[in-house]
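Which chain is which? They are A, B, C and D, in the order written, and residues in each are numbered from 1.
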Amino acid sequence: MASGNSNGSDKAQAGKIKKVVLAYSGGLDTSIILKWLQETYGAEVVTFTADLGQGEELEPARRKAELLGIKPENIFIEDLREEFVADYVFPMLRANALYEGIYLLGTSIARPLISKKQIEIARATGADAVCHGATGKGNDQVRFELGYYALEPSIRIVAPWREWDFNSREDLIAFAEKHQIPVAKDKRGEAPFSVDANLLHSSSEGKVLEDPNVEPPDYVYQRTIAPEDAPDKPTVITIGFAKGDAVSINGEKLSPATILARLNDLGRDNGIGRVDLVENRFVGMKSRGVYETPGGTILLAAHRAIESLTLDRGAAHLKDELMPRYAELIYNGFWFSPEREMLQALIDKSQEHVEGEVRLKLYKGNVIVIGRSSPQSLYSETLVTFEDDKGAYDQKDAEGFIRLQALRLRTLGLRNRGGA
Amino acid sequence: MASGNSNGSDKAQAGKIKKVVLAYSGGLDTSIILKWLQETYGAEVVTFTADLGQGEELEPARRKAELLGIKPENIFIEDLREEFVADYVFPMLRANALYEGIYLLGTSIARPLISKKQIEIARATGADAVCHGATGKGNDQVRFELGYYALEPSIRIVAPWREWDFNSREDLIAFAEKHQIPVAKDKRGEAPFSVDANLLHSSSEGKVLEDPNVEPPDYVYQRTIAPEDAPDKPTVITIGFAKGDAVSINGEKLSPATILARLNDLGRDNGIGRVDLVENRFVGMKSRGVYETPGGTILLAAHRAIESLTLDRGAAHLKDELMPRYAELIYNGFWFSPEREMLQALIDKSQEHVEGEVRLKLYKGNVIVIGRSSPQSLYSETLVTFEDDKGAYDQKDAEGFIRLQALRLRTLGLRNRGGA
Amino acid sequence: MASGNSNGSDKAQAGKIKKVVLAYSGGLDTSIILKWLQETYGAEVVTFTADLGQGEELEPARRKAELLGIKPENIFIEDLREEFVADYVFPMLRANALYEGIYLLGTSIARPLISKKQIEIARATGADAVCHGATGKGNDQVRFELGYYALEPSIRIVAPWREWDFNSREDLIAFAEKHQIPVAKDKRGEAPFSVDANLLHSSSEGKVLEDPNVEPPDYVYQRTIAPEDAPDKPTVITIGFAKGDAVSINGEKLSPATILARLNDLGRDNGIGRVDLVENRFVGMKSRGVYETPGGTILLAAHRAIESLTLDRGAAHLKDELMPRYAELIYNGFWFSPEREMLQALIDKSQEHVEGEVRLKLYKGNVIVIGRSSPQSLYSETLVTFEDDKGAYDQKDAEGFIRLQALRLRTLGLRNRGGA
Amino acid sequence: MASGNSNGSDKAQAGKIKKVVLAYSGGLDTSIILKWLQETYGAEVVTFTADLGQGEELEPARRKAELLGIKPENIFIEDLREEFVADYVFPMLRANALYEGIYLLGTSIARPLISKKQIEIARATGADAVCHGATGKGNDQVRFELGYYALEPSIRIVAPWREWDFNSREDLIAFAEKHQIPVAKDKRGEAPFSVDANLLHSSSEGKVLEDPNVEPPDYVYQRTIAPEDAPDKPTVITIGFAKGDAVSINGEKLSPATILARLNDLGRDNGIGRVDLVENRFVGMKSRGVYETPGGTILLAAHRAIESLTLDRGAAHLKDELMPRYAELIYNGFWFSPEREMLQALIDKSQEHVEGEVRLKLYKGNVIVIGRSSPQSLYSETLVTFEDDKGAYDQKDAEGFIRLQALRLRTLGLRNRGGA
């Protein structure tokens, strides 16, 4: 089988991979990749299967890997849910990160963690290569590979979708059958769209979604009900924050992953977190995606609300101005870059006093803030009141404030009139 | 009566105002100001009453002004709705402007237009001063006065709320009664909150809203019904755009103000556009506001959607990064500043090809984009498809792309390991 | 001869180029490329030779092209100096563009114009391909090719240095001799460094310059004398500006290219404009370059000086904040991108009143501003004076200004103390 | 004597100051202020005199304070040079901060430290007020007072220049003589310009400098010789860096203040660091300043050079984009603000690997980098070489890189042509 190895200098040494760590879901595609790696590169394959909250059991992946001839010591399975939420999702939420004004970056933020784990396993097992199952048109290949390279600059990367000669679903199925890879009946045809899921979100792309002028069919949505189907009665909850991170729901202290999981349930039941957008991929084309981020959508609203009370204007506006850049870095795969880390240092610095409670009403797709309180509040009823404020604010100060703010505009006005 | 003229150099010449143009609503407060101006400054008062879509008739203001002794030639009444939407609201919406991530700037954007008209009338009538009814703790005083000063650098500004000695509602009512200003019964006590309204939004602030941990009572909302009270059936509409501005609803070409008015009705009926937030005022304190922007909220979602199809990534991301700055300038009152005009030039440049149609579902507080199409679309199904793209995109290009993106990270990785 | 055509989908059709427009200098390297194109692709070659002020005559290039078998109607020679300065250099200088704080972008800014002309000639001659002589490690390949693609999306691009199999200078010389391309004696060995030149600057890179810890040898510098060798007596000049562009020297109105040429002479004679830096290439590695930009260095200082008098603070600071982004876009080759055009619209908007005269002292590497004046000046001696300013500025306004600026900091201070 | 106490709410309580900490230089102006405080407010005065490297002895200030009746326990004198450089100047230099492209912020950066010390002394001595000698038209009043308020929100601030009724130099001299304050003969007339000095710089403003079209007379310069008067032979030095800060000169480890002092000497002798500019003050007008920053100018060039070798592109460009904002914050007096601290966290994060040595040639006003080396260098001769790089870089990667960078521009080009 041709391995497409005429492309680039590394490929000239295709045969030389000894051991490769594959990000393995246990599904059909990564099982095909597993076999293809063995056949094309003659390499020992190490599988890595992670629980990031995608809602699938992991043990079937172990059995499937064994079935495909992977040695037990080469099968790595890990529950990463807490690490994922605590070290990736929450830091990102501190920034109120939204890509292109709308997308909560649910897929983007999972990739760096998988990359990191694959590199750690490569080091532990002496592997000289890593492999992912992302296609050659998407963002995920970039995110995986920038992660690999940043953490292990001399690692060899195998990207089967860019290398192999399969041209159609039929080719893949044929290869699977030839190698005794079980193919579920519903996988034989083309899937009507492609999905990704983790504790933060589910995404759907491609096929039936490719015309951005056509509403997504209902069956595309996987983890939220439609606003129309949500209860007629609102659900009211309280989220507690400390140092910018959610730490409790309705007064109950919970771990990061538990908080996100509970909010996912609440969001799902109230039709919250659906987004249907056309976005700009890093590789240069526009694509249409449908995202469901139930818990994340609630957290974003709550975080902004607690910040509104506890963050100074200077801090808040600086964060807002830098947020699009930060979101773009994560979307493009630059989590492990100095500029992302610099921005994170800036953001984390701002969160020291971001604590308190936010009360929210969840209702048919809406997340409505109905109260916020904080021991670190910067809001002062005395200052803001129309009533007598007992000298907290001297209205006459405003005149000087305005006059000096206006000074340059007055000078300009005089000049421009003269110049006209 | 003391005029507070001990504060600032201009005040020393308080008596010298000859003619002053007052932004006059016809309500109790600006009627009191009118009388106070006559009494304190002995000045001829010119009233200016504008229809910005606040939903009040203007002729009563004329009669009231006449009653208070204003000469007919000194009463100016103008319908500014089309100018307001075409030259202020729409340019701002091109930027997707949101202050602090949430507020659509409905009050902020109306002030520059009022300032501009007052100055024009001052020139036409030979007035040497202008006067507004904004208080000394808010943003509006800044917005009015920066506008005045930018357009007429040597204008004399009177800000009664900062100058006079009234200390309570009772003082004001007493002054009104002494001067035969009619006082409606419901104005005798303290209003439970303070409002502002125009075609873009209504705002409510103060009093019952001052505790940010208490949900706004229902009666605060003035132009939207609650999501819970909205119809169970969604409304689907189509908005057409040209050069970044809305130009039609459901295929019908409409003027800017008509479009906004219709969308306001649609938004109101579907419980859309309520925002309850704690914001940072330019004068330095936090305040809590409740805003209703039904049509504007729909337009923002629609505009982002049509941009998602027609705007290049480079243009879109640059706009997103500069948006918070642009919004801050408008919020702070710098509409007539070179930096706002520079940003507007940048934004307008980006909108040349922003045209097409967006289909939206309005449902109980939700604005859901369900389709977008454009003759200027940059979205290519051929490019993005998982299927055979007939050479539109060579997946192998991605390898080189990633490898060069990674080069600096690999170099860093090698360095940092060595340095560790 | 192998054409390296195994790489990428376009290459599979290597033989199918009919006519290719080559950016042709007349030198050895592009003459080799010319022959290689004829041989490898069997294509009709059109040569384009431009005068961008590099200081070489163009007619020898015509003769050489004829000698290599190019038909007279396929030889294009154009003097682009005025277009280069008026439409590329001056717009960039309006932004005070500096890459990485230091580099005036002399090479970067020339590439888009060459790309544009090649595409125009391709259209005029019915050519289906363009070709440049930039190597595969540098920025110039990116700049040329982004220009080609932006202006003619379906153009075929040939980049010989990335394609051919020559591995050494010897290979190239052998190819040249085999094809009767004249090889000057001093070209037989390796050049000690590589150069580029145009009216704005000369650059030197590579070889003897590759160790950034070694001072460049004197012979590297091509168009400036060393500060040490410059006259002991300063030269004083006056540059006039209109709408942000230089329009005169010492009162004499001159064309853009003439101004730059004269300032180059003045700069050269006074040892001005040398920069030795380590920079970050777009393709991911650091490189060391030596640049000489005599006239541009003088213009930058003069432009900043005239802006200091005529630009409002808001405009000036916004420009300063966006400048690094603008410079990066030009460096990376994105001249023909919507984001560069948007930033240009913003910058140009700011320059409407940037006019006046700047007096400069040129002395042994220094450009010292010694005076600036403008009919559009915003500087007011009355405002700034320590003396009696006749009421232009009320010092008491400063108290209110400061107190409101401080309000949020005081609130923070109280909160943080409580929270500590 | 009238104390101008009609302005603002605090003033109404003018008589109530018990103890005030005065920033006291020992010069005529602050001695007048000292007396004026005693007389106007009847307050106990505490003097604070700091050595920030302004080049004056401190003991005379002590004697003068005693002479004016200050109790010994109320006289505070402190050598702050090391703290000033280590905690203020060096952090700022890490950012390569320049205000308006040119000014190294030598005055701005000293004010926060003085504010901080005054507040500390106010706490230690139980003072309820602080006082500074800055005028009502400048930036320094803002810097002092924002510092005071941020660190001690309820402190009472006295700003004599904004309060008192002296209208001329004569008034001040008369007051001094009346109170037996010694007046040096050369202080009797108007100083021809006003100065400020510390270890980082000297500034001169006003009077003979007020016409920006007139070259500063030679006697304005206080701590540098003119380039023309500098030696004909260059001085070559090496500066060592660790974590972004200078730590050695010519291999000798030195304390921060010692390094700056030595570089000041070297800069002075070589005519380095003079700047003559028109700048935009925070209070709204333009002013003309002459600054001398000999050591700082050398450090800035050296720091950029060591960063060029050790900072990744992503880090470097992010810093460059944020620098103008950071510089503006310091200029405007917001050192003690959350946004400055957030930016500092970002900047400091970037400096972890900024170490190595820079060799510089100082010559008649020029600071010329002639070499840089670092154990943390990211520069790779192997990567950048035109020669065989042994596979470090595959030139063919550039094609894919460019093609994906171009994809959106090609799509745009196709669209725009169709749309035209």
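To be clear about the criterion, a contact is a pair of C-beta atoms (placed from the backbone, for glycine too) under 8 Å apart; a residue touches a chain by one contact, two chains touch by 3 or more.
As the structure is a prediction and not an experimental result, all values here were calculated from the model.
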B-C or A-B - the one linked by more C-beta pairs in contact: A-B
Greatest separation from chain A - chain, by CA centre: D
Chain centre separation in whole Å, for chain C relative to chain B (CA means): 42
Chain A and chain C, separation of their C-alpha mean positions in angstrom: 39
Separation of chain A from chain B, taking each centre as the mean of its C-alpha atoms, in whole Å: 33
Numbers and ranges of chain A residues touching at least 2 other chains: 7-8, 280, 283-285, 312-314, 317, 325, 334, 337-338, 378, 380, 383, 393-394, 396-401, 403-409, 411-412
Residue ranges of chain C in contact with chain D within the complex: 4, 7-8, 96, 100-102, 135-137, 141-142, 145-146, 149-154, 159, 161-162, 167-168, 194, 206-207, 210-215, 227-228, 232, 234, 274, 276-280, 283-288, 304-305, 308-309, 312-313, 316-317, 320-321, 323-325, 328, 333-334, 336-338, 359, 363-366, 368-373, 378-381, 383-386, 388, 393, 395-396, 398-403, 405-406, 409-414
Contact footprint of chain B on chain C as seen in their complex: 7-10, 280, 283-285, 311-312, 314-315, 317-319, 325, 334, 337-339, 341-343, 345-350, 391, 394, 396-397, 404-408, 411
Residue numbers on chain B that touch chain D, as the complex places them: 6-7, 312-314, 353, 375-378, 380, 383, 393-394, 396-401, 403-405, 407-409, 411-412, 415-416, 419
